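Here is the structure we will look at, set down as structure tokens.
Read from first to last, the chains carry the letters A, B, C, D, E, F, G and H; within each, the first residue is number 1.
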Amino acid sequence: MNLTVYLAGQIHDNWREEIANLADEKQLPLTFVGPQTDHDRSDNIGEEILGKQPDSYYKDNAASDINNFRTQVLLQKADIVIALFGEKYKQWNTAMDAAAAIEMNKPTILVRPSSLIHPLKELSNKANVTVETLEQALEVIHYIYD
Amino acid sequence: MNLTVYLAGQIHDNWREEIANLADEKQLPLTFVGPQTDHDRSDNIGEEILGKQPDSYYKDNAASDINNFRTQVLLQKADIVIALFGEKYKQWNTAMDAAAAIEMNKPTILVRPSSLIHPLKELSNKANVTVETLEQALEVIHYIYD
Amino acid sequence: MNLTVYLAGQIHDNWREEIANLADEKQLPLTFVGPQTDHDRSDNIGEEILGKQPDSYYKDNAASDINNFRTQVLLQKADIVIALFGEKYKQWNTAMDAAAAIEMNKPTILVRPSSLIHPLKELSNKANVTVETLEQALEVIHYIYD
Amino acid sequence: MNLTVYLAGQIHDNWREEIANLADEKQLPLTFVGPQTDHDRSDNIGEEILGKQPDSYYKDNAASDINNFRTQVLLQKADIVIALFGEKYKQWNTAMDAAAAIEMNKPTILVRPSSLIHPLKELSNKANVTVETLEQALEVIHYIYD
Amino acid sequence: MNLTVYLAGQIHDNWREEIANLADEKQLPLTFVGPQTDHDRSDNIGEEILGKQPDSYYKDNAASDINNFRTQVLLQKADIVIALFGEKYKQWNTAMDAAAAIEMNKPTILVRPSSLIHPLKELSNKANVTVETLEQALEVIHYIYD
Amino acid sequence: MNLTVYLAGQIHDNWREEIANLADEKQLPLTFVGPQTDHDRSDNIGEEILGKQPDSYYKDNAASDINNFRTQVLLQKADIVIALFGEKYKQWNTAMDAAAAIEMNKPTILVRPSSLIHPLKELSNKANVTVETLEQALEVIHYIYD
Amino acid sequence: MNLTVYLAGQIHDNWREEIANLADEKQLPLTFVGPQTDHDRSDNIGEEILGKQPDSYYKDNAASDINNFRTQVLLQKADIVIALFGEKYKQWNTAMDAAAAIEMNKPTILVRPSSLIHPLKELSNKANVTVETLEQALEVIHYIYD
Amino acid sequence: MNLTVYLAGQIHDNWREEIANLADEKQLPLTFVGPQTDHDRSDNIGEEILGKQPDSYYKDNAASDINNFRTQVLLQKADIVIALFGEKYKQWNTAMDAAAAIEMNKPTILVRPSSLIHPLKELSNKANVTVETLEQALEVIHYIYD
């Protein structure tokens, strides 16, 4: 049984590759999808497609249209969502994607360091499972195939 | 036509009273509901009802059960959601409540300072309206009654 | 049994008053809601609340946020939708509101002159009932109370 | 990941072929579906299958049954909707299909010339993304695969 | 707790009055709604509102628009549906309304004579409760208030 | 694009084979599913699996469980529903399946002889398309592939 | 804000009165509904309304129709569900009602003694809050009004 | 037509293998999924992935997160649910999974010994079909393919 996994979360390191490698090692039949991970491209995609905007507010507005379009297409295709929080950044998109996924009844795994237990306690409570590492997240999915 | 408005957002100042006063001045028939605004009570409610927990992780876990229960009851009753972001704090509950409300098709107004335009651009794009002040949020609701 | 009726359609004459008067004459327990009917206010509401925008595109963008917010709140409260098409104007909002209402399973009455039979045939086919006059629309609702 | 794209909009030029060619050039794994594009066939399909009708009103009525049946089948299969508005015609079916698609949570791209910004501002606001050319619409979809 | 009960079924005798009287005797706080029970009015309502139609097919077509509109409004308001089958007539509207109500998760009681056990066995199986008399149907509702 | 078509309706002649043959001739990529067409087997399936029942009422009860289970599985898989009414029999299962399918948003074609126009007018009005012959029903589906 | 609370669970002691008394003491504006608590009446209601059945299997079958009808009506009216498990009895109806309520997005509180932690761990995990006493359950609801 | 069948129920004997063998013999194109059947692994999976917990309550809490995640993923993939009750154990997970499946409109077969008719009467009433043996459950599914 093939499953599609949406990887919500920050786009500043290569955690998505890492999780894909772990899945390969375990030979799990998973397809990973997610947001645009090239940060500049994600910020500029509005102007890239729609042309120069009046100022940074409108540039952001245009980019968010297209980033949200992408997320909606791929989230609707997903069987499972993994949402990763790190120690840096505001990560409001991660919170937004995780909350939307839970509301859409997508089985959702939250990954966060123990330092974020308190501020993420309500989101963690709504997610199906909360873990601290990518290995643990993948073990949770692996368990489906046992 | 009476409308119920859920006020999502930080609980560190009296913005909910302020918005209620503004609504009174304009004589708008609105009922405001929202999360527990006594921060300590919100953090301790798990232990208060369920008793002492092994450590702070489990204390948080117990509190979040009850805080999420409250939010689910009141959000389901709401006709409109206002979600306020300030400049401080992580505010992941605000992002979570706003995203859940949007997914539930609740008409949603985002209030955030201009300094947060960039990090909130995708959530702002999914909300119906984004404004910078409470006065503006209430003007948007006032417009329904014009 | 009180019913709320959303009146979608152009805002260039006083057809909403006319229908309210007809309902009063028949003593039907109906509450009418609808879009902002002051055309200038509807076009300017974005700048009025959010301030001056860079140009007319962004002015329109800001106004549509707030007009759509109003429509979503009131359409969700409606038990019945009447959508009126006249011979002038593009009236894409009317088509949009009627189609959205039908998709939301709101019982919907289309009012259009016979000159528009052909271009509105598919929308007419999706609506519950199509009539040519406001009197007929109200007779359809009156029939519920017989 | 194959995606099915419903192409809503006028049927008076070959824009659907054009977009299919662009997708071929970019080697995007897209399947395009849409309404009947032979205008006469679309208008006559009711009489063609059900036989001669009393007059043009009933001819239109019969045709719209079958056109709406086709649209419902194909729209339910679609992952994405592109709705194109041109400068001519009333295009109420385009507005209707776009609004229905948005209400069904189909990620939707609006294509319209800048001359139509004002009359389409509310529909544009409800769509995920609004662009002016077919190339831009396809770039938005291309972005999903980046 | 007031409950609204939709009374689906044939319109050729006064069973709706009978059930209302029984409810009055038991002092149950029920509001009864249902289809138009004046058979001629139900058949003629299309021409009455929309004017003379080309022939009886189109007359039926016009009437059914308005009868279905009425049913949709009132069925959406109902907490409970009672669907009565008698020994005469085809009663396809009764079957249609009962099946639609069940699909909408409306708690549904079927009333039918024992002579119809076999042909109604699948519909009876989908309904919540099947009884043979109006008294029994009302006892089932009475049981809610015990 | 392969489509699955549920064939609701009476099981007393070979109309399902006929329609399958027509689809083969036209080389349409359709998969047909439907109820058990061996009438005796359909009536006896309850006792066949569950054993002898106290009397015919309970025999019918047991059979309907299993017939409804089958219908629910296959109707959920269907992209399109064709519901055929003939001149004989009560055909309440056909009315029930058609109404349930329409409520589930399955695009639905009604096939009925002109003699049944009047008693089926409301169901016909809720279906997407009504025709008189199997050939016409298949032409409606064929039109999707044009 | 008045809230309706469905009290699922065993019917062998007066825990429902106890919780109503606690709510009265705290002056909470709650309306309590629930299953039939007269055990004999609940078991006999099928025969009481439908007459003598062939044996106890069919007696149970008839009773369950009417008990489930009652539950469906009242559960749909509920804003909150409390499901109580005691140490005795199989209590499968409690598990069934709690699981159905959770699936219907009703905010749900589970009450169970600590001796049942292990066998109820998955249901407890799906409920919003799990407590051990009725006082605690009511404190959780009280917290909404703070 | 391939169908996926979720096998809810106790994990203390090899009934899932038995049913798979029966399906093989009948050459039915079924894929069976279900919960973790290694009881110890199911109880320990929380600590296995998340590490040692403070006591057995928290160990159970952690395990149930992951068991429920697995169930949600697989139940959403299922076309049919078979829920088996035996004479031993509390089996609340079986009742919970069956009730959730029914609420999700999954066609559901209950398997239970005749000794459990009375305590399971309401759940049996909500399921599509109730049988006493695995052979019968598979005959019900086999009937779909006849």
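To be clear about the criterion, a contact is a pair of C-beta atoms (placed from the backbone, for glycine too) under 8 Å apart; a residue touches a chain by one contact, two chains touch by 3 or more.
Labels paired with UniProt names: A, B, C, D, E, F, G, H = YtoQ family protein.
Remember, it's a predicted structure, so these values are computed and weren't measured experimentally.
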item	value
Set of chains adjacent to chain D (YtoQ family protein) and to chain H (YtoQ family protein)	A, F
Chain A (YtoQ family protein)-chain H (YtoQ family protein) separation of Cα centroids, rounded to whole Å	31
Distance between chain centroids, defined by C-alpha means - chain E (YtoQ family protein), chain F (YtoQ family protein) (Å)	23
For chain C (YtoQ family protein) paired with chain G (YtoQ family protein), centre-to-centre distance based on mean C-alpha positions, whole Å	44
Per-residue overlap in chain D (YtoQ family protein), given as positions that touch at least 2 other chains	61, 65, 68
In contact (per the touch rule at the top): chain pairs	A-B, A-C, A-D, A-H, B-C, B-G, B-H, C-D, C-E, D-E, D-F, E-F, E-G, F-G, F-H, G-H
Chain E (YtoQ family protein) residues touching chain F (YtoQ family protein) - in the complex, by the definition given at the top	56-57, 60-61, 63-65, 67-68, 71, 89-93, 95-100, 102-104, 114, 117-126
Contact footprint of chain A (YtoQ family protein) on chain D (YtoQ family protein) as seen in their complex	1, 3, 79-80, 105, 107, 109, 128-131, 136, 139-140, 143-144, 146
Complex contacts: residues of chain A (YtoQ family protein) adjacent to chain C (YtoQ family protein)	54-55, 58
Footprint of chain B (YtoQ family protein) on chain C (YtoQ family protein) - complex, ascending	31, 33, 36, 38, 41, 45, 48-50, 65-66, 68-70, 72-74, 76-77
